[in-house]
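A, B, C, D, E and F label the chains in the order they appear, each numbered from 1.
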């Protein structure tokens, strides 16, 4: 699935302007009801929105004889390889089985990812070193701060496989979009149409919000009935957007 | 129960000056040990304290053939009716069965509630659009940010019934008081006496805190023994409050 | 175990400069994998790092006939005794069985602890009055804000026993170190060596981070191979630290 | 919805012969993915399968001043009314908010329901007196044995409303079918078609199972391809069922 | 509290005839709402009812350097001491912090307790070797089968302290009563009156059950109104029990 | 790892005679503390002990457009392939992310596995059709009965990868041993030594149990001191086992 053409600039722009709430609704309309990653928050408050293709890392529970700091020196260790192989512009997505007791990564590895141009990091486990991350501009999403290192609880076993993250299926190449409220997973082949429809929904809802701020009732307005849709189109035409 | 007289200005003033911690203690003294709504936080950091009578909305789990964006256009839909019918000065309390995967409301509907003078919103489920809500002055309490819309997980079935919210029984007309730490539910008929006793407790504890800040031991002071109570009364008299 | 000599200034300085993440790794290297207190956060954002010996308080579930505000006047009540007996420089650690529905302490008692020079407070339960605590400089760690007072859920039964806190064994005299990410428990007898090795690890990792910021790959660098270690030693010598 | 015609004998026969597993699959094919009540088991091992229309009882959390043994004498108490009003042939479904600490009913009330010809009882909470229930022939499903009486945790507030039970929406009149593995909720209007298709699926799968027992591979057999379907039809014809 | 006189034969007989459900109601009437141990079941199906005074053992989480099979040889090890010191007729109650991943005891230690005449074992953690226990006649209550030995997760630290077990406060000397549905904790000083009132409640409810089995409505009968109470007294007199 | 030589008859015999409790202790002694699969039970009470090499199947959360009954006809579907490819004598281990709401397999597929000589099935998710499985002699371990089919919650993505099952790392070829209490995972390379030491431990503990049944104290006996070990050796010699 990752052979798809790279995301075009317009799609990126549309996704950047859409909230995860709007994207969830567009996915719901296509029958996909479970695309929002559960239980994660933004650890890097200075970061902007996140858009990128998923590059996946899969962990299983640590086994004491196979996990420890010494193992990390092996250049074939999948966690270390992920840091150097995740492409610029992609999002590193890590399956931690919602384990809050272990930190998936820390500030040094995230700094390297940022240096390499990676678009963001998402894990359903914990994150080390969130204090220095308060200044980072790369978006990092995790379940909670968790200082114990990955070898406390995880054994990294594979890159670029389909994984679970926060109860969502994530395939390599899926489009991940993050805002301050969390992360939504868009199947690669739906990205263009979801982006376009989300942009339209955002425009309509901005107008609806203005109407509400002006004192109108939501009945007939949200969702808009035919009369409201006509007013919206007239307003758009007046704005030169129609 | 909602036929009770509206809350008087004095009671409101006393409740506004009391912390939820103090109100929980006053309710405990009356045998009510489970009146603090579990698992919710304030999503609107710029809002002040919340006081108002409960107006309730009850959800059950979504059934796929009955829940979806199209249903929201029906003016009899209880969620939409709640937005237009919750009285000014009341608090909209929504039973979401502590479901964190679904957002109960979003910025457009909350804006309408604020426009209509509603005093606040409380749900034990998720909340959409918490990013724009960072600027709202209406207090909104929820379990977590949750972008998926209500139809992902809920079917609204009734208004103004007794409900559960965060493991607390909430009857229409109960008084909800919220501060930065959460929300307490005061049975309507106890509001006046709880408010008065809470105000007295706050005054006493302010004096106790001053004593502690001045270096006194808590023994005999907190809770105050007779000697401490006498000193407090003398101090109050000196302040012209006795 | 609490008869050990007080922590020396150098150890304190080393611990103050180490993150909880680094301390967890040093403990892991000594076979201790579960020393990070689970599920607590810092309630006092203006506080600095916390270092001190554990002074413990143990609670069991409240029994209605034994717990209530009246009981708190008894000077033998272990919770009240803890407030007056926890030594200056020590950390009060409270076993609340991870009960989020009850507040272990509130602002008056924490103020008294701060007045007495106590180094910090840690509980795996809730905390009352976190709003005024936003200004406190004593570090207070808890599971969540929870306005109901301790008698809602707890009966204090003992001081200075070994306890559980956030799934970690805590013995009186153990060294607790807290930063913005949480609290780690260091067995008393390991404090000196863990502190020294943690300081060395922090220095090495600061150099590694600089290398990464300068664009180097993590392979061979993190963890450092022999060549990288040699470069580090040369750099240290150049800094006059060797 | 409860005005629908009573379930005919053929539908009852088809449902009695279908497993809850088969019924879940038939509902899935109609877009309903969440109809199996979560977290309940059969407390009455001597009971046969359960089929009946839902009669609902809704509880909210107990409030100490409103719940207690004395309240149960009031003939308007919804829990007591449920015992006398649930129709013969119906299933009493009780919303206990998945509270395992409280028993919804006990042996006396269940005996009365059985006397009155009620078809079964389902709750997502606990159940009292499961020891004598080991001999009952009325099916009773609950989360676990739980001796504390309903007033420990619940306040009964309403009959015959839509409710949640084990994360499933249950409307009065819905058809509940229970076997030894649990309970599935069939929307009333789908009962006839689901029953017919489930019966056909059971017949097909019985033949498939026989083929597997005879040593065949599941490829092409389960699910059956055209050739397998033809063999099945030939077999049915040979049985005189075609 | 354990200095109280031993339980008399009559009290034991009354408690043996009462269900835990009835005992919970008697405790509720005395204001004690949380005396049923949560989350445990009977591991020894051939055992009869359990009655005895609590002898307590307290565990904290294992620390790797202090817990292991070698430690068990130390005769001061509290877990081993509990096996030899728990008095005949008493119930060994073990605080395992509801940890299901570790077995508190196994068949050898339970066999020793049974040999010594101990009345039963209760823990809110796991239990090893439940297969051979299927034949035991000493009652053993635990959260689940859990083969890993105590040193996997626990460090035994004290005997005969007040503890938590399944979210209930247990003091040494409290009376524990167990039936097939679980275990209730009766404060020592309430044992006599609770036993007497429970026996009376059981007798009344046996009569009520007979009435229900004879076809009567529960209204006026359960709870009984004055007329029903009079019929009950007449029936008792006729039985020669009045 | 699966290239290892097949398990010899002696090792199988030793493992069949060892309880999972004993095997957990032997693994603990080798530094492996987390090898017991959490949260599963035996669904097939007539089955004997289970021993075999792991053959793994990995699921991720279902995505609505990729999961459904139609997909199961594809002979490349990993779940269906597992049924036909899992070798005779092996144990099929399925990663279901501890999801209790979905059944991993049902009676037809398990029947096929039994036909093919597979040694057992283990999943940390639910299981369909446990009623007919009550008669099966192939051991099946699962979290709970769960009638909804795999496509309700899972998408099968891979065979023979390292997986998580019940919080344990499972590699293809690891030895799984199950008794009535659960399943333990033995790394392939440790099987021979763990089997031998477990057999010795079982023999010693059988003797210890006899001593306890004869009335001896556990002090000095369990664990045995030198004198006890000498008595054991003498007893073994007398039995002709020395």
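Heads up, the rule we're going with is that a contact is a pair of C-beta atoms (placed from the backbone, for glycine too) under 8 Å apart; a residue touches a chain by one contact, two chains touch by 3 or more.
Bear in mind that the values here come from a model prediction, so they are computed numbers and not experimental data.
S.K.: Compute the centre of every chain as the mean of its C-alpha atoms, then state which one is farthest from the centre of chain C.
M.R.: Ranked by distance of C-alpha centres from chain C, the top chain is D.
S.K.: Among the chain pairs D-F, A-F or C-E, which one reproduces the interface of E-F, with more than half of its contact pairs identical by residue number?
M.R.: Answer for E-F: the repeating interface is D-F.
S.K.: Rounded to a whole Å, what is the gap between the Cα centroids of chain A and chain C?
M.R.: Spacing between the chain centres: roughly 33 Å.
S.K.: In angstrom, rounded to a whole number, how far apart do the mean CA points of chain B and chain D lie?
M.R.: 37
S.K.: Could you please state the distance in Å, as a whole number, between where the Cα atoms of chain C are centred and where those of chain F are centred?
M.R.: That gives a centre separation of 40 Å.
S.K.: By residue number and range, which residues of chain F touch two or more other chains?
M.R.: Answer for chain F, listing residues that touch two or more other chains: 33.
S.K.: Which of line, ring, star, complete and other names the graph you get from chains that touch?
M.R.: Contact map by chain: other.
S.K.: If we use the touch criterion from the header, which chain pairs count as touching?
M.R.: Contact pairs between chains: A-B, A-C, A-F, B-C, B-D, C-E, D-E, D-F, E-F.
S.K.: Chain B touches which residues of chain A in the complex?
M.R.: Those residues of chain A that touch chain B are 19-21, 23-25, 28-29, 33, 36, 38-39, 41, 179-182, 184, 205, 208-209, 212-213, 215, 217-219, 222-223, 225.
S.K.: Can you tell me which positions in chain D touch chain E when the two form their complex?
M.R.: Answer in residue numbers: 68-70, 72-73, 75, 80, 83-84, 100-101, 103, 106-109, 111-112, 115, 128-131, 145-149, 151-152.
S.K.: Of all residues in chain D, which touch chain B in the complex?
M.R.: 30-34, 60-66, 97, 155, 157-158, 161-164, 167-170, 187
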